[in-house]
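For reference, the structure is listed below as structure tokens.
Naming follows writing order (A, B, C, D and E), and every chain is counted from residue 1.
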């Protein structure tokens, strides 16, 4: 059984502070949805409202057509994995997993069968008799997932389950979670403020900011056609370069005049663009070192970040703006070098002062 | 004044537990050194020994030729930025910075001049009268750095100063630190277990593991010519692919037989390679989707991670091993697809069962 | 917490109009069952007696029945009674003697014993051990210790051919004698409170101070003491409240004498009620004690708060 | 002065001097107890003529034998155990329930009620004593065990402590259990209560100690000899008749009455210390 | 009281505690149908007794001083015993006059008197000999006037280096009060003419206080001893005359018969307070009695109480061995009593002993006030006049608010 979740016009207030404001969202059965947004934007609140841990002030939530926002949490058939895991410290791993099943008085054989199956799937069979205090972070995380799995819920909710893991473990667990997702057929909602997690795990990402949903889309839609400047900034590392520009047109496509005076032809249709001030967005991977004539502009390298497989060059253009360019891993550039940069006009985005975005016609070009 | 630091044969024990074992290291004046290693490998301990916060059980530490390991911390002319910042919670930002200077009875004008200068440099002038509790994480971090800067020490020590910041702030502060480094002429030692920080900041990286130094080298040396399998695993994201291989030779260069039987010619000289079992190391960026004849082998895609600018494909080869391949950001591959992979033999590494490494002759090819 | 509750009630009100919503944070009467048993005892054994006492204090009452209503007459009698005024003074004097001593000695011991060695743990146990003894034992010990002709000071003074001061009969020294016994008895608690506060101070701050070249003294003055300021206030308040209620030591060591110089308010209350059988007077005195304790604790709290804001 | 066991270089000589000072002070602190123990081991007649004889042999345990012959002491110890034990158990139960209620459950006027309970901390026992005595007279509770136990149950300290402790337990645990379909009582009983054991130990020890040492209420409520607690019983032997029985005997009673609680203290020392610290944190 | 814990042979017991314990043991042994449980309280214990009465759960039988019977009787808390005593065959005419008047309130007997007691001069004869204050017949020379007292004390100190008096002046109120009452009686001062109004600010009272202040100032007394310590001091030979009650005679006699003690060296003697003033020969006295609380009782219970009272009445002699004067005339006149040590010298108390008027209430609270003020005056914390004035106003305030 899996859940189709409908969130309609949901609002949440804490005293006079509105945390969520008339939010609507449909989550399809079996979908892996990620709520992505900066800290404090209300991701956890929304998740907890689905779980029944926070009340809904306005609006409705239904699962498979049935309204659930007035059911107590235990009756919504939902499992949640908490950021802190919230394992019961005084119970063994096995008891942690069995607790919820005992509360609904399942027969003992069913319970132990389910626990054993989950333990096998998560490779924690040898830990069943330990207490949470005797487990490493990664193991705890798996137990928390196991506790959710045994309940065979309609939907899984994850609240930043990876944020307490160290970098290496985080990457590994991320991959495991992606694999788990293929085995367990259930709707999954995952909260994070780490865009890499969101990109790598989601079927669809819900980007939230400031009480509202900024954009809903597949990871690639979010990455290559961000609906707003906020989304463009928040997703992708290094963050997208923004340059203030002057705008002109050529054959219906926008043409940008960079701060240093050079011009760049984009693939963005001019009609429809409004507003007065505009800026050009371009990701580092669309800014390369140019050899000879292909150069769009030049700049002076201020900071070099070597990531091994590529190198980021923080380059100051003549107009004073800084642009991050990407070079190969073993780049020979040194701090202080003057470099010529080629900006790929086909992979640019336009934003106006309110943060609205325009993109080229075709599919984004990562 | 800047410090040339000599660490000779230093050991540290806690009871019967040896944490550091006969470690030697020379840090040149003005160098930016990063200690990189997994949690618990002794990075902090070594740093604290240099600072005088932990005693040295064996060996010596000298700065500019003078032995300092028995001086109290205050007399070593060293400043440290703690992971938790360790700001004095009851003092204003200005007092936090001035405290160390007042302790050595500097004239009040000198103190306020230095504080003002540091505040200007770090852009925290408007915060001077606040208490640490009223600052955000990033602001605290800057104050902690400011407190170090005003002392004009011979060396700065940083113990994972970025680990308490959120992802976006971490990236930003990392860049700021790199810029600061160009302004302040002083030796800097930076502890982290995040390889990206190490790669982007260091002049030289000291990779530590298990009580010992595994490798000392520039970021690119570490990345492209890892001294051991441990270093190869620890540095780089995604982590390097390892495949068990059979070894044969051709014109003096090693030739590897992959688990599925296909052969791959490497650029590694055969002479000098010893040991019996070997594995081949290759980074994801050297494994690309192949069109037609260039294919080395084929596999089935199990997990897809979309990072926006590139896509990682976790592919299971016929022999059962998993290899991560890199594709463009808007990759069209789907889970379950059979893909042909081209492995770049020139960018491979060989490791034996003990973890020793052999590389090609030329400079690494990130 | 407060905000959460407010919002909870707001949403519950709305929910009621909409439909029966199961909000797990809504204020429901049935959630009160967990606190009900305690609250019942709290009300019957503390709140009701408190108001009953106030009612009594407005009456002429003895141990065997309430007499007539006399208004605030009992309070007037108290303020006219030199002995009561003296006992209030005595109590303040005692608080003045013991509270700073307890706070300062407790702090010094905590500073000295805040280390993880075994000897420090043993010493902490020693300093706390006297606190577990009951007041009868403590006063028995100290009465004998202070006895004029052969007590411990007398014996020790005797070795040098001197006469020991008469701690329990010299009017100038009685309160001091009781204070010494009290400090001896009570030193464990403030020490422990300070110790736990010191252990809350992050070690890194000390390390930062060491790197900042701070001397021991400057570390104490600029790092340690400001860090435990809140505990200092807490200790002072707790001790004021406790020491204002001096009773057992005075009753058992000196019976308030000589000439009432060591009679604290509580002993006055006790005597009024059980020796003079003047319950109304005793009740009135106990309300005054209550008010004094509240005032002293609150004054201390606000003073320290104000200073905290300035600093 | 305030560095703990840190490895900071160059900090040991000063620490050692302080340690020696503290040891000396501890010895002074212990002197009265040692002296009293010595007195209790002396023959009464010998003490009458020569006080300095405490500093040398012969010592005797006759005084203790005499105490054991007085059967009342055991009755008093039993009474103290019943009263203190009963009070401790009841306090733990009531405070845990109330602490959970205040910390986790919302009900009308919760915050106001909690503040009122906190204000109760400032009410001195004497302010309610007379009224309480009358109330208990009316209920015929004097000279009963529940009469000795009940007043202690009203003290707000336990509720305060347990509330703070419950608040410090991550709320996610409750929420996880709610999602696991557990009732509120089950959450309290199965999930949270086991986690409060350190606080229970703290509160239990505190309650037991203060009840064991209480002097005021038992003095006026437990007025029958068979209802005396040890504290009152020992006090009753100190005066009038017993005065002519000699110093050594008196002191042996002091030691005898103090010993159980001291031994208990030494047993639970570790918990008591963490207990006091724990209580102080919040 | 440990030594006599199970002893039923009363004749072997000494001291108040020993004798009463043995008596009760004996009673319990003789009367298996009745069981008496003893409750000892902190001295004087009236606070707790009051609490018990207030709680409505007083003991059946309680020893109280004659001086406080009135407090409880006036509240109707005590049972009149006339009928009960009659049924067990105890006649009021058996009692000495002092005892009978002590327990009679509102014309009814409210307690079975068991003794009369007073304060005495306990004398260390060894020191008196050294001081040259012994008559030819070996009896001590006691003063007959204030001046004589001062002179003898001076001589005593010069000769022995020790103070004349051993007094428990530390944290004490009773001794002061009893001394004052005694010497006021000796001056015929009728300070309680009205039981609701005391007159203390008088020349007579001033004389007494001046005398004690002089003794104190001249170091003719021990100073910082409490009750227990003063007994120790006297037994250790720290001074000549110990002011203490009848109840220690037994213990002191026992001590004087033990070799090596200070009292054994030269002997022990005991006397009533000497007459220092020119008025009526008198000294303050009080007594103990068994009072019975007012309760609903079955006839069997009443009978048991009657039995107990009768038993004590019959064993008044044993009790009088403590040093107290018997309440039963026959015992007072018996040979056995007269043969007890020192009874010859203290027998006059039977006629000298004078209590406060029985209508004076709260005598213990009054005693606290007098003791406190006297202590202040004698130790020099207050002027004598001020102390007397305060004493008077405080007592009157107390009495006005009963």
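As a convention for this text, a residue touches a chain if its C-beta (ideal position, glycine included) is under 8 Å from a C-beta of that chain, and two chains touch if they have at least 3 such contacts.
Computed from a prediction, not measured in an experiment: that's the story for all the values here.
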Neighbouring chains shared between chain A and chain E, ordered by label: C, D
Relative to chain B, chain with the most remote C-alpha centre: E
Chain pair bearing the highest count of C-beta contacts: C-D
Length of the line joining the C-alpha centres of chain B and chain D, rounded to whole Å: 55
Centre-of-Cα separation between chain E and chain C, whole angstrom: 40
Where chain E touches two or more other chains at once, by residue number: 47, 51, 54, 232
Residues of chain A engaged with two or more neighbouring chains: 52-53, 72-73
Sites on chain C at which at least two other chains make contact: 8, 24-26, 149-150, 207, 210, 223, 270, 274
Contact pairs between chains, per stated definition: A-B, A-C, A-D, B-C, B-D, C-D, C-E, D-E
In the complex with chain A, residue positions of chain C that touch it: 3-4, 6-8, 10-11, 14-15, 19-26
Touch list for chain C against partner chain B, complex: 202, 204-205, 207-215, 218, 222-223, 226-227, 229, 311
Footprint of chain E on chain C - complex, ascending: 60, 62-64, 77, 81-83, 143, 147-150, 166, 168-171, 253-255, 257-260, 270-271, 274-278, 281
Residue numbers on chain C that touch chain D, as the complex places them: 1-2, 5, 8-9, 24-35, 37-39, 41-42, 44-50, 52-53, 56, 109, 111-117, 119-120, 123-130, 132-137, 140-142, 144-145, 149-150, 152, 155, 184, 189, 192-193, 195-201, 203, 206-207, 210, 216, 219-220, 223-224, 231, 234, 241, 244-245, 247-248, 252, 266, 269-270, 273-274, 279, 282-283, 286-287, 289-290, 293-294, 297
Chain A-touching residues of chain B, taken from the complex the two chains share: 38-39, 166-168, 171, 174-175, 178-179, 182, 193-196, 199-200, 219-220, 223-224, 234-239, 283-285, 302-303, 305-312, 314, 328-330, 335, 363-366
